[in-house]
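To keep things clear, I will list the structure first and then write my remarks on it.
Order of writing sets the chain letters: A, B, C and D. Residues in each chain are counted from 1.
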Amino acid sequence: MIRAGVIGATGYAGAELVRLLSGHPGAEVAAVSSVSFLGKPLSEVYPAYFHLCDQICVEQGEAVEQSDVVFAALPHGLSQELAAECHAKGKVFIDLGADFRLENEADYQQWYGGSFLYPELHQIAVYALPELFREKIRGKTIIANPGCYTTAVPLALFPALKNGLIEKDGILADCKSGVTGAGRGLTRNTHFAELNEGMSPYKVAVHRHTPEMEQTLSHAAGAPVRLTFVPHLLPVNRGILATCYARLKPGVTQEQLNEAYREQYKDEYFIRLLPQGREADIKNVRCSNFCDISLHADPRTNTFVAVSAIDNMVKGAAGQAIQNMNLAFGLEETAGLKLFPPAF
Amino acid sequence: MIRAGVIGATGYAGAELVRLLSGHPGAEVAAVSSVSFLGKPLSEVYPAYFHLCDQICVEQGEAVEQSDVVFAALPHGLSQELAAECHAKGKVFIDLGADFRLENEADYQQWYGGSFLYPELHQIAVYALPELFREKIRGKTIIANPGCYTTAVPLALFPALKNGLIEKDGILADCKSGVTGAGRGLTRNTHFAELNEGMSPYKVAVHRHTPEMEQTLSHAAGAPVRLTFVPHLLPVNRGILATCYARLKPGVTQEQLNEAYREQYKDEYFIRLLPQGREADIKNVRCSNFCDISLHADPRTNTFVAVSAIDNMVKGAAGQAIQNMNLAFGLEETAGLKLFPPAF
Amino acid sequence: MIRAGVIGATGYAGAELVRLLSGHPGAEVAAVSSVSFLGKPLSEVYPAYFHLCDQICVEQGEAVEQSDVVFAALPHGLSQELAAECHAKGKVFIDLGADFRLENEADYQQWYGGSFLYPELHQIAVYALPELFREKIRGKTIIANPGCYTTAVPLALFPALKNGLIEKDGILADCKSGVTGAGRGLTRNTHFAELNEGMSPYKVAVHRHTPEMEQTLSHAAGAPVRLTFVPHLLPVNRGILATCYARLKPGVTQEQLNEAYREQYKDEYFIRLLPQGREADIKNVRCSNFCDISLHADPRTNTFVAVSAIDNMVKGAAGQAIQNMNLAFGLEETAGLKLFPPAF
Amino acid sequence: MIRAGVIGATGYAGAELVRLLSGHPGAEVAAVSSVSFLGKPLSEVYPAYFHLCDQICVEQGEAVEQSDVVFAALPHGLSQELAAECHAKGKVFIDLGADFRLENEADYQQWYGGSFLYPELHQIAVYALPELFREKIRGKTIIANPGCYTTAVPLALFPALKNGLIEKDGILADCKSGVTGAGRGLTRNTHFAELNEGMSPYKVAVHRHTPEMEQTLSHAAGAPVRLTFVPHLLPVNRGILATCYARLKPGVTQEQLNEAYREQYKDEYFIRLLPQGREADIKNVRCSNFCDISLHADPRTNTFVAVSAIDNMVKGAAGQAIQNMNLAFGLEETAGLKLFPPAF
């Protein structure tokens, strides 16, 4: 069994990692770590885990020692030192934060205000969106796991861009996120009475995930792509719905789009292309690692609408991290992840 | 006191009309009509109204007789005959449905599958979005009250188009609607267990409200405007959030946009332009006739994002209908509508 | 116009006071006070109030100076000094907290851990649940406004106890509260992702509101009454549902119960006894000052079930406080409070 | 592999059976049957199951043929004939409906209005709440699976009654149910806009599940027990919270209660007795087969409060049915049911 350590286990992504790893046939939770709840059982923080994961939160260093793979679910800026430590000790390091996602240090400086502390680690790190970059991930030891928006939007747009079916400029992503994406920290806009029955955008066109999406979309297009990204906060717990807009290249039909996506994703277990007439819905992917995609060409305005839905904490965080672990260790990629989304 | 008759009183828009009229200083509910609940008190359908509106639902004709103004909250296609009857009897007719909204019969035929039965009535009917077409509404007797999306989107985009600050092509409206917009009829996607914790688009780029919005936006631009309109269903009761996207004309700044909107709406009680740094939220307009608007220029991608929030049942239906009644009868336009949205 | 000062205006009860006073024909908000938001406009805290109440939060003392009546929406323990100040300055003081609710200082010490600082003020203070103690409230200057549970439960049980229709022992109140009852402070159990889709009791049989309810019920019974009180937190914003249980005295029928309640409440505008076959629902009283009550006698187990529903922030806080202001100042008791609950 | 047939697969309990069976190591879904969706894939009804269960709904008889065990998730009254057919064909029959739950035909007639069509089948049928009646279930072929309320309430009260720690009269169960308990059929009170932000009781003291709970509680007490049962509908999808009240026998302490429950449930994987200071919450058992129980003795009023929480569709329906299948076929009782409830 692969021994997994979860750093930042008491955050939502950390807790989801523990839940998913517990059902994994080839891995086990070796240690959980938390600064705020050091010395306390994880099930005290999450009573849902009572009797299931009563492991005590230990120091970060101790968790690293006990693990073959270290998952870091930490605020950005805290992962680089930990990556170096894991690398030195021969552990596989999977970062759910943003420190290793951007290829270009200037982008990191501009959007996150930090710098690359260990450029040599960035050299060996891989941006790990398996459906798009699978072959680069196998056997890697420093893995940058994409975030939720940055998984949903590129999966919705990649085949259209790669196949030149849409224009490269004027691409928009209007995204709607469940509230767990805002984390477990107590804030005004995640206070129940303030969010309930509400809906609004935030960080309009200035959200930090923008350059990461542009990076992936640029790889698809083979040329620089800019994206207008507007996230919204939804009064639901889980899910990202990404409604993506682009101008169709002249003469492109719905069928051409369908065909490009079918071809791109034909062997992807976790991507479900919906039949014409259905729309992607976050409800249908909850608690699963699926990404549902629906495609809509509007000949009247020459617009392409691609809609993707994922569970922000599974395909958008913990599930994808385990998918990457599977790839890194040479396991069956779907191991532990054939999760059936509940019907309601 | 103006005697008001509400046809279709047991639907959500009808019920909201009754609630708002009950607080109106110059009007009163003279009669309520319903096919499904004929002979039953309205408060049996809506127990919230017990002791407050125990009026019995009567036949449509009887309601017309007892009224000076007739509000019709009916499915499209049922209003034209009623309008003719009201017109013949000298009643003011305010239609909350779509039958008189489109100027062009071909559009009505294409999107609704019907024809104009009384062209002469369409001649005298007015499309009544007061903030944009106030002077045309005063004293009119056949009034086409805009719907919810068709209020929120034009109010968000009108000043930018009118002042030539954005391009006329490539305009998109990504809208999110509370579930009361889908009506009181029982359907699968409004069943609690199916909608709760879900979020998805519907009628992508083919929704019937599209031509109505294009009509208003074309008036703003002085030229034909096409719109890509994608509505989504939200698991909340009330509200429309319209996130509208357009390309900025070269060199246009945030301040120019702010100024154009301030100028256009400076005397509008019901429009609240939000200060820079805030975003429109459906929570803040609930149960009120306000339309909150926030403006966001993105120089990085040259994109304009205008966000508007209304209560779909007030500014998007019953409240605006009363605002139009006030205009038609020469009352203070805000009479009965200075509603304070609850803070939570 | 009566000039009203709201101390603690940025809490939920304070904000609701401001909303309701704004629609009052004989009173106006003269000043709002807040420690945390001193110097800021109330509408910055509650964007729903933008353009409607942009008053700046002032110091408590300043608010008192500018007011004829002072509403205090403060945590318990902070009202006694303020009451003394208001009393000395000839202001009417209405306390939405618990400091003046308990007649017996020993109870206050036991449940709240404090003592009566100004016994003479407690002498002149009145416990102001208008439907039960109206005549004592008129013209009073120190008014203890009951809380939400302590309004809902006694209104549900009073007539049965007063008329000797139920046993005095073994009375239970299983209550369900909307989350605004827990206040605006950020806490783990009011974080959206933790409360949403959840439901549990809290402070089982040890909640501080217990002695206050026992006090009122004992007045009804003319003898000491004990109550088992179990509150639950609901994932909704507003409302208290109180499901109260008692053993029927031998031979007591549903009709006797109905009759006792009809007699007790026959002139009460704010109490709606529901017809047989309906059940009280918090949905039907939202944003209103109503208390809906349904009565259910179970001859099979000889049990009486009385269910009451109120809006915790209106009849359970701000609305009742204004009702008491009306009584204290000799205004029409329903002034500013004939609020129509929205149907949805 | 045991071949399982699910009759009524498109209802919520049926859909949940399919989801859980898909993860079972020793069973598989051999056939799904539905009257309303005959000939259609299950994933058309539940898009969450797309690619996971695209099986076509077949006729009931065909499903029986293909199965070793038949699960019936049908409205009451429809199971007796099916049970006879399965019995004749040597299939194990597990009924999620009420037809075989009541031992006494008079009770069935009184509460359900039907009669026992095959008394000999009722002779061999077993009431299958495994934690209480495990030994009777092993090897049985007609199994009456308890419902949601009738699982939650007896599990909360059984040890106290069995050990004589509470009085047998005056027992109350105030229960709160998630909306999936009301089924997939479209009804007014499960329409999103009507249930959302609402809360009320229904069928006060006259719900059909009452005699079934009394039957189990009477077995615990060794004497007839009557129960006042008041269910409420919650605006959440899943879960039953049962807040149960009883009078403590003189001198009984919290510790005695704790001890009795620990002893009764010490080997029960699916029952989690919560430590003192925590309260059972439906959130913590979602999508799992757990029953969380918290115990609260109130010496002040001599009242016992036992609170249990289950997922109404798992431990209250499909999960327990599979637990019973495991018992009937001699499999590990927890097979396929070690489900980790999500933390959020």
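Quick note on the criterion: a residue touches a chain if its C-beta (ideal position, glycine included) is under 8 Å from a C-beta of that chain, and two chains touch if they have at least 3 such contacts.
What you see is a predicted model; the values in this text were computed from it and never measured.
**Student:** More C-beta contacts across A-C or across A-B?
**Tutor:** A-B
**Student:** What is the chain whose Cα centre is as far as it gets from that of subunit C?
**Tutor:** A
**Student:** From the C-alpha centre of subunit A to that of subunit B, how far is it in Å?
**Tutor:** From the centre of subunit A to the centre of subunit B is 38 Å.
**Student:** Calculate how many whole Å lie between the centre of subunit A and the centre of subunit C, each centre taken as the average of the chain's C-alpha atoms.
**Tutor:** About 46 Å, centre to centre.
**Student:** Can you list every residue of subunit C that touches 2 or more other chains, as numbers and ranges?
**Tutor:** In subunit C, 12, 180, 193, 196-197, 235-238, 281, 283-284, 286, 344 touch at least two other chains.
**Student:** Along subunit B, where are the residues that touch subunit C in the complex?
**Tutor:** 12, 15-16, 19, 22-23, 46-52, 180, 197, 237-238, 272, 274, 278, 281, 283-288, 292, 313, 340-344
**Student:** Write out the stretch or stretches of subunit D touching subunit C in their complex.
**Tutor:** Residues in contact with subunit C: 170, 172, 174, 176, 193-194, 196-202, 204-206, 226-228, 230, 232, 234-239, 241, 243, 245, 247, 279-284, 286, 294, 296, 298, 300-301, 303, 305, 307, 309, 344.
**Student:** Quick check on the complex: what are the subunit C residues that touch subunit A?
**Tutor:** Its residues touching subunit A are 12, 179-180, 184, 186-188, 190-193, 195-197, 235-237.
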